[in-house]
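Each of the next two complexes has chain A plus one more chain, namely chain B in the first and chain C in the second.
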Partner chain A sequence: MTARAYRLARIAPLAERMRGARMATTGFVVATQVLLYSQLWRALYAHTATVAGLDVRQAVTYSTLATLATTARAMRGATGESVKTRILDGSIAYWFLRPVSARRYRAWYGVGEALYSSAWVFGGLALGLGLGLVQPPASVAVAAVSAVSFTLGLVVLYYLTVLIDVIAFWTVSTDGVTRFYEFVQALLSGALVPLWFLPGWLAGLTTRLPFAAGVSTPISLYAGRIPLADAVSALAWQAGWCAVLAVVAAVGWRRAGRRLVVLGG
Partner chain B sequence: MKETAARLRRAARIARVTGRAGLRERLANKGDFVLAIVNGVTYQITVLLFATVVFTRFPPLAGWTVAQVLLVSSVRLLAHSVFVLGFTNVREIPYLIRQGRFDSFLVRPAPVFLQVCTSRFPLNAVGDLTVAATSLGVCLSMLRLDWTLARIGSLVLAVAGGAALELALALCVAGLVLRRAGTEALFSWLDTVIGAFGNYPLNVFPAVLRAAFTFGLPVAFVAFYPVAAVLGKAASVPYGPALTLAAPLVATVWLALGGWAWRTGLRTYTRRGW
Partner chain C sequence: MPAIEVRGVSKRFRSRGPLFRRRKEGPRETVALDRVDLEIGTGEFVGLLGQNGAGKSTLIRVMTGLMVPDAGEVRVLGLDPNRDQVRNARNIGVTFGQRTQLWWDLRARDSFEILRDMYGLPAATYTRRMRELDDFLGLSAFWDTQARHLSLGQRVRCDLAAAVLHRPVLLFLDEPTIGLDILVKDQVRAMLADLAGTGDHAIVLTTHDVADVEALCPRIVLIDRGRTLFDGTLADLTGIGGGRRTVVVELAGGRAAPEVRMPGVRLLELDGARATYALEPGVSQARFAARVLAADEVRAIDFEGVRLEDVLRSIYAGDHSALNAQRPAASPAASPAARPSAPTPP
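Right after this comes the complex of A and B.
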């Protein structure tokens, strides 16, 4: 099983590596967005020291890490391997005929995707630290807690994507759902605007949702907006969402397998 | 002349027929249909939310009032909506290539560009236009401007120029995507950069970004410079008041560049779908 899992996890990174233009474009997109946003936040902070508990260094750190995390994830998909495309062309049938279950195949494939996007995040983080865009973590404990939170965040984001995938078994076309998810994800994860800048009641609500658990929580821990004393509760929320989403996704896969319609021929 | 008119009539007929078929296709999945309209609204809301956070959390922007900055955002949103209504499918080219549909466009007796533009009914434009028009209405009521013919003309020209610029930039990326697989992420990059940086007075940015958005990627000409002309703030813009009138010229130059990139891309395109 380990060798098989290793082979499945390699699909996404290998597909990305095959296309030089794709990696160069990802690098260009990530680098320019990080630099543009850092300039924007610095310009906005020109006449003020602290906004919603964030100073300019924390805001630039937050923005850089959020851009890295979300852009690198959005860049994946060179293989075109998604439930949506497989359902549209009928080749989803193969997912259910292989010796590995569809659910397990998607999971190991997802591990590869997560590792690939993480490589961009960590590469960008190292570069950001070197260029002074990202402030170093306040302590070793903060770094460790942020790393754990980042990993839990990847799991949450994986399950959220799987849930969108599974919807395709019922709706066939998921364009609308996917775009709506992207909107909700951008808005409620804190990728677009740090959640701390939202009105109090909305910030309180959104920080408890799974979208925030994917992006905002690890970055807020790293930037010091969530103090170390509150880290345990933040990690517990993330772990809780992992468990809830895992159960929902498992139920979704089971039902999806029972109502599979193979298009094409 | 007669021939051109006949060609245009034929193109309009093709657009009408394929548009109607596209609408029927989108109606096949009711849930997706509704969500596509909602998505137009939600996309614009994310842009407005970012702008609102900036307005409310930070001090006034470089001598521009909130209503004035909102006019920049609204004109940009409206220009984007017009672009989405007519040309959003240019951004779908990577998927059309992957599905093999783009290859079929090359052998049909109709312009490829027209077929791409009508390949899918742009439902989200409905939501886009609704939010953009509402936002424009709100900020115009806040501004209480005297509406002379010249001012109305420059507002219309600003929206048309912004849409033309978005199309020109999308065509440049499309040309690149046709030449080289793997560059499609530039479409969303373009969307993000224009969406995030086209909403503010250029004066708030540091010198390097002011220059980049004026002389490099023409983000400032999508809304900022023409809106400065509408508001009579030409004297306060970077690099001189003449630039507030230059948007149509900049759009024309970029459209020519986009057209060249598109034609070159088409000539060098080789099949890579399945």
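Right after this comes the complex of A and C.
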């Protein structure tokens, strides 16, 4: 990593460190959600050993990891660097006046965001393993495949965020689109409710969508919901979404540079 | 090769209105720039003036590559600033008045370090430049403060430092002193004058602060409704260099002031012992003074060039006679030899 890339990737984590109160709030929200969901799952499993092929430990493991993967990211996103916020305050101009293209700047910034949210996931995972909330991976192979899938999932989530963000070059405000995306993301990524609890036709569809590739796929691999034998197919879907979204995002950035709106006189 | 070449640049904005009224109202079109020509050489300090909405900021955006003109051509040090955005960025520095390029959650020093690595400045060069900028702008007193906690004056000084950190050949300053107190304005002007004094930079300043222009800009480009209304020296515009002047004559002993009959001299106001005359271009101040002194006992003669603020006020109000008296409208850019030199540091 060059000095430039390192410096840009460091922005998001450094900004979080400067705002200790927000980090503490994130920790509190994540811990509360994890504990409440684990209680909820235990209550649901009170009279049955398995639901949809998963036992209570797998279900709690899934829920804990899904909360870790999504909440820290969402808390960060509230004040993070985005096209929409920079268009609204007019400082988006500077993204196009530096010797690093806006697309590359956003990408390195996104690497920092991904590393920051990953720190929460891995920190929470270690704590969850220590407390017995999360079960360890079934094998080294499962751990390795889950790690690869998690990385691909971060790439998918990055591109989804960027695509929503780039829309701001055309619409200025993306509030409506963002709300819709957050609703769809929460529902179809498996972050709130595991996808196998959805109606059959919807579950089949959602497992092929990029939302699931970001959250549900890596956690399902870790928790054993997706068997190791199907891992190659799952990873291929994720890689495919990475490629498709990367192409669409590249086209979006190229056109955005010629549609730049700098609000104000 | 000029630093900036703008040839016949036009830009229109189309607004389509609310979704459900579009068919009824149709698109609205605003002409922001209309066949603008401009040439700026290295070492020039140009004041880009005009009313709100005249097209100044649009012209800055076109010259910096943020906007693509609908027609015409822009070259900045030989590059197309929009197509060669990344390469062009190394040659230019930009500030946009109230908009900061500092990272809001980080300390100002962190922002400088990010820019250092973005521009690939060696550590020693960075340290030396920060020391120089600190001498002018007093940055070290607050560069460990988070950007969000900086006062406006502190933030503007940091933004200016961020814009010149990589020593760009071209500097675009859009309202750099807006909202600043007198002392901070002086600091900013001193730094800009020093930068201009090197002769290595072309600086384009957009401002409504006439004092900034008078202190810094030997050359003025006046934009009105997207067109170049005037392009020449500050002296030409204000009449100091042989243009129209006023003179106030006050006689001793409270006697009524005389009417001076001379070609090109017009009595504007007579108020007891005080008379105000307008002197057309070409009228000798010495001859006028000699005539008055020979006629009566004079207490005071006060010559004044037309103030830039007054000229701009009358032009903005639609009176272009001041321009017609000085130079033809939309005059071509001054030749390099004829261009005024950069200001000296105050």
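Definition applied: the second predicted complex is superposed on the first by the 259 of 265 C-alpha atoms of A that agree within 3 Å, B and C clash if a C-alpha of one lies under 4 Å from a C-alpha of the other, contacts with A are read in each partner's own complex, and residues count from 1 in each chain.
FYI, contacts are C-beta pairs under 8 Å (C-beta built on N, C-alpha and C of every residue); 3 or more make two chains touch, one makes a residue touch a chain.
Just so it is clear, the model here is predicted, and its values are computed rather than measured.
Enquirer: Using the superposition on chain A, tell me whether chain B and chain C clash or fit.
Expert: The answer is fit.
Enquirer: With the two complexes superposed on chain A, say which partner A:Val193 touches: chain B (first), chain C (second), both, or neither.
Expert: first
Enquirer: Quick one: the Cα-centre angle at chain A between chain B and chain C, nearest 10 degrees, please.
Expert: Rounded to the nearest ten degrees, it is 90.
Enquirer: Once chain A of both complexes is superposed, is A:Tyr94 in touch with chain B (first), chain C (second), both, or neither?
Expert: Touch partner of A:Tyr94: chain C, not chain B.
Enquirer: Look at A:Arg4 in the shared chain and tell me whether it touches chain B only, chain C only, both, or neither; answer first, second, both or neither.
Expert: The second partner, chain C, only.
Enquirer: If we overlay the two complexes on their shared chain A, which of chain B and chain C does A:Thr48 touch? Say first, second, both or neither.
Expert: first
Enquirer: Name the contact category of A:Arg19: first (chain B only), second (chain C only), both, or neither.
Expert: So A:Arg19 meets both chain B and chain C here.
Enquirer: Identify the partner contact of A:Leu221: answer first if only chain B is touched, second if only chain C is, both if each is, neither if none is.
Expert: A:Leu221: touches no partner chain.
Enquirer: Between chain B and chain C, what is the shortest CA distance in the superposition, whole Å?
Expert: Least C-alpha distance after superposition: 5 Å.
Enquirer: So which bits of chain A does chain B touch that chain C touches too?
Expert: The answer is residues 19, 89 of chain A.
Enquirer: How about chain C: which of its residues touch chain A in the complex?
Expert: That would be residues 52-53, 57, 61, 64-68, 82, 85-87, 89-90, 92, 94, 96, 98-101, 103, 105-107, 110, 113-115, 117-120, 146 of chain C.
Enquirer: Per the contact definition, I'd like the list of chain A residues that touch chain C in the complex.
Expert: 3-4, 6-8, 11, 14-16, 18-19, 79, 81, 89-91, 93-94, 96-101, 257-258, 260, 262, 264-265
Enquirer: Hey, which residues of chain B end up touching chain A in the complex?
Expert: 29, 31-36, 38-39, 42-43, 45-46, 49-50, 53-54, 57-59, 98-99, 124, 180-186, 188-189, 192-193, 196-197, 204-206, 208-209, 274
Enquirer: For chain A, which residues count as touching chain B in their complex?
Expert: 19-23, 25-26, 28-29, 32-33, 36-37, 39-40, 42-45, 47-48, 51-52, 74-75, 78, 80, 85, 88-89, 171-177, 179-180, 183-184, 186-187, 192-193, 197-198
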